[in-house]
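Note that chain A is present in both complexes that follow, paired respectively with chain B and with chain C.
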Partner chain A sequence: MQIRLLLVFAAQKLLRLGRLLMAVAVFTFVLLSFSPIDPVKAYIGADMMQISADQQALIAERWGLDQPMWSRFLDWLGQLLQGNLGTSLVFNQPVSEVIASRFQASLQMLAIAWLLSGLLGLALGLIAGALEGHWIDRLIRLYAYTLASSPTFWVALLLLIVFAVSFKIAPICCAAPPGVLSQNVTFWQHLHHLLLPAVALSIIGIANIALHTRQKLIDVLHSDYVLFARAQGESLWNIVRYHGFRNILLPAITLQFASLSELFGGSVLVEQVFAYPGLGEATVQAALRSDIPLLVGIVFFSALFVYTGNTLADLSYPIIDPRIRLGGQ
Partner chain B sequence: MLSISNLGVIFTQYDQGLRRKQLTVITALDLDVQAGEVVAVVGASGSGKSLLAHALLGILPENAAMSGTLQFQGEPLTPERSRSLRGKAIALIPQSVGYLDPLMRVGKQVQRVAQLAGQSKANASTSVDRTFARYDLPMATRDRYPFELSGGMARRILVSTAVVTQAQLVIADEPTPGLHPDVVRETLSHLRELAREGRGVILITHDIEAALQIADRVAVFYAGTTVEIAASKDFSLGNLRHPYTQALWRSLPQNEFVPVPGNQPSPEHLPEGCLFSDRCPWVSDICRAERPPLRQLPRIG
Partner chain C sequence: MTITVNSPQKSPQKLWRIWRQNNRRQQTLGAIVLGTLFLLGIIVSPWFLGESGLSTVLTQRNQPPSLAHLFGTDWLGRDMLRRSLHGLSLSLRVGLLAASVSALIGTGLGLAAGTFGGWVDAVIIWIVDVFFSLPHLVLLILIAFAVGGGTKGVIIAVALTHWTSLARVIRAEVLQTNSSDYVHLSRHLGKSSLWIARHHMVPHIVPQLLVGLILLFPHAILHEAALSFIGIGLSPHLPAIGIILAESMRHLSTGYWWLGVMPGILLLLAVKAFDWLGENLRSLFDPKTSQG
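Moving on, here comes the complex of A and B:
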């Protein structure tokens, strides 16, 4: 019974993912077809002057650019279904390889930022919510509102100025010291370069999670069951410990997984500021240099990434909330 | 064991901008409870019944100010003393299963109540077992979540939360609405039992019928004042003194089923004189000008 339910769940999720990716494929294709980027020009680049109009037409014909849009779309979709995402023009490598290697670099940064923003956001939100109206609450809110309204790249630049330029305790750029071969980079050097971008990225997430957690805890503290707990002589901190934490966990986890998409978006800006060679930085390069295959590949990958995050949140609900776990039986 | 005289509760609210507004939600409540008796508190919504419970437990909102005298076991019941006594000497039986944490197993919640009352973890666990056995709750109930309880089970668990504490004063806040008549009867008998063990029980309800089944005395609240405290038998004997109590009694379906005309005044527009004056059939110029104090009347009949 359990296994059957799980299979049905998995099948539903996969079907939905298929539909989502199909929609993303159509939108991406149509948008790029109407974009002013000329694929032939993008491919040839600076040598455009040396290529005659006839030769350009020949390339266009070979690529099927003279075909109507729907037939090009079907061609492209056919390749996509075979797992061929094409070759990146910027990196001169298969798109899948570029994404794999770049994502590896980003993943560590994203993971640190995700954990930091989750834990700190939760802690600050709990403190502010429990002390609603207290000056500590006001301070945390001021901090959260300030951060929530400051642009990511600006915060990143500020961190860079303070920690890399003034205090010189963080590297100014990149994922490794310059001039060191990638196989010779030590774990500490790696972490050293990772930390500041990760912190910059997490700072934005903290504000959002703290404010949501605070509001949810306030709701819980005004509930009937907390009133009853107070009537039993439970102290404020024990109320937060026994009832608050339990009851804000579900929304907190939803928010935490939903924040994956924001982190992913933020990483584009942060990696650009820190010149960190991750997927976000590759996105900017692909866009600036009209690398359509890579751009499309990244669009697909990010859709998959965010979808996975939301599915993980869905899967966690029955584990946390007995009403969902047992209620359906 | 408990005596309340002239209790007042005022809420301070911010109206528009910084203008403060004082809301008198309880004007003058009087009540006394002896060990071993059930005193019912009846009245319409907004008559101050639940606020009285909250005042006794020291869980009024922060913008509330209390006046009057509260005495518990011979000593003044200050908000500080309430804080130290609640959950130990004074226990609350809440209205519904919504007062239990929806995500915590009920056994653990009741055990927590026992621990807060001063028992060690092991003792608290035994108390829960003993109490659940007393109320015919299967041991498996301990592992249930509130949403898995039937109405009757939920009631018995809520009563258990007061029983594990050994509190001398038990306040049951609206324990019966929306329940099956059998469950109502069962819940009321549990409350009566608590009184038989020597505890004082305050039964807050707007169900006069339920109150009369088990209460020794009934206090009738109206717009934050005690209008009458009568023995339960005075109701059926027709020995009621206050016009509001008489009107309430007549409004019951099995009596004359006539509604009391008019409405309870809102805390924002309390009349100068007697709070019941605008609905009173016996109103006179004196009671329009000043509020009559509560008096001890000789027994009738």
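Moving on, here comes the complex of A and C:
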């Protein structure tokens, strides 16, 4: 029974993913084919002057640019289905390889940031909610509201100024010390370069989760069963532990997995500030240097990333709340 | 028993009490006026400041913040406060324009989805879902790139990506009002659809729209700044706030912290002012809090 449910759930999810990626494909294709960017020009770049009009026409014909739009779309879709995302112009490598290697670099940063923001946000939210109206609560709220409206890249910039320039305890850029080959980088050097970008990235997520957790805990603390527990002489911390925590965990986890989307966007900015060679930095490169295959590949990958996050959230519900079954009723 | 009579106009405590006794409505109105004045001040500041302070003064290069230059000076001796105000004014105008277009799209699609229902509703909800399935910044970069970048690119990208939540709110509001008893009653009494729209829908949707629009501004401005910061937005010749912050990156390691910190604080204040304005307007319009 359990296995059948799981299979149905997986099939539903895969179907939805296929539909979603299809939608993203149509959207991206329409957007890029109406754009004023000339693909031939973007491909040739600075050597445009040395290439005659005939040769340009040849390239356009070779690429099928003279075909009608729907047939070009089908061609492209066929290639995508075979797993061919094309070749990145900036990195001169297949797009899938660029994304794989860049994502590996980003993944550790994303993971640290994700865990940090989740744990800190939950802790701050619990403290603020339990001490509603106390000055600690006000302080946490002020902090969260200020963070929620401060630009990510500026926060990263501030951290860089404080920790790398003033205190000189963090490196100012990149993923490794200058002049060290990537295979010779030790674990500590790696962590040293990873930590500040990860902290900068985690700061985005904290505000949202802290404020939601706080509100939810306040709702729980005003409920009848907590009133009853209080009347029995239960202490505040035990009430939070036994009555509050599970009730709070569900919305917190939903938010935390949904924040993967924002985390991915944030990593673009943070990696730009710290010159960290991850997927976010590759996104900026692709856009600035008109690397359309790479940009499209990253768009697909990010959609997959966000979708995976949401699916993981769905999978975690029945573990936290036994009343919820996979795939609904 | 002694009775002390204070002259009510003069003592400051009394004034404070009178202010506190002001009902919440007046306090909210005061906050709205204050926030609006602050933001308008930033937007129109370039016309009052003119070009003064923006010329190169090599004798006053790289000065830390002081009374003469509150935000310090940059590597060409230009006053950073004036540059920041110019840049922020530009960013605010770009953000306001893009957010307004976005609000129009959101309202139109939200109304269409809520009123027509059926396949129109399904298609619009589906588009919203697709938009939510991509990281916002990636979507912004893709659109800004596809339409050719530059100022036009930023405005189009921000306008095309911020309407989704407003469309959802408006759709929900229309659906809710449509199924309410008084709308049913109006229908049975033979009122026309136009009359119902005018007397039952508009009063509900206009406040939502106004608050939604104002709460869109901070997002739009932050995203405009982010796009300019990574170099996809406004061109470096138009020193928007994002460009100023990106430039400061090059001077970080030399210890000129004020180049990055001060313009960022100004941006943060502007964003907070919009949030504040939106929240106060919401509490003014929301029937639950407006009479308090």
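FYI, the second predicted complex is superposed on the first by the 324 of 329 C-alpha atoms of A that agree within 3 Å, B and C clash if a C-alpha of one lies under 4 Å from a C-alpha of the other, contacts with A are read in each partner's own complex, and residues count from 1 in each chain.
FYI, a residue touches a chain if its C-beta (ideal position, glycine included) is under 8 Å from a C-beta of that chain, and two chains touch if they have at least 3 such contacts.
Bear in mind the structure is a predicted one, so any value in this text is a computation, not a measurement.
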Is A:F9 touching anything from chain B or chain C once the two structures are fitted on A? First, second, both or neither. neither
According to the contact criterion defined above, which of chain B and chain C contacts more residues of chain A? C
Which of chain B and chain C A:G233 touches, first, second, both or neither: first
Classify the contacts of A:T28 with the two partner chains as first (chain B alone), second (chain C alone), both, or neither. second
Could you say whether A:H243 touches chain B, chain C, both of them, or neither, answering first, second, both or neither? first
Is A:R323 contacted by the first partner chain B, the second partner chain C, both or neither? first
Which partner does A:Y225 reach: the first (chain B), the second (chain C), both, or neither? first
Per the contact definition, I'd like the list of chain C residues that touch chain A in the complex. 126, 129-130, 132-138, 141-148, 218, 222, 225-226, 229-232, 245, 248-249, 252-253, 255, 257, 260-261, 264, 267-268, 271-272, 275
In their shared complex, at which residues does chain B touch chain A? 57, 59, 83-84, 86-88, 91-92, 94-96, 98-104, 112-113, 116-117, 145, 147-148, 161, 165
Of all residues in chain A, which touch chain B in the complex? 224-225, 227-234, 242-243, 246-247, 321-323, 326-327
Show me the residue ranges of chain A that touch chain C in the complex, using the header's touch definition. 20, 23-24, 27-28, 31-32, 34-37, 145-146, 149-154, 157-158, 160-161, 165-166, 172, 261-262, 264-266, 268-269, 272-273, 283-284, 287-288, 290, 295, 298-299, 302-303, 305-307
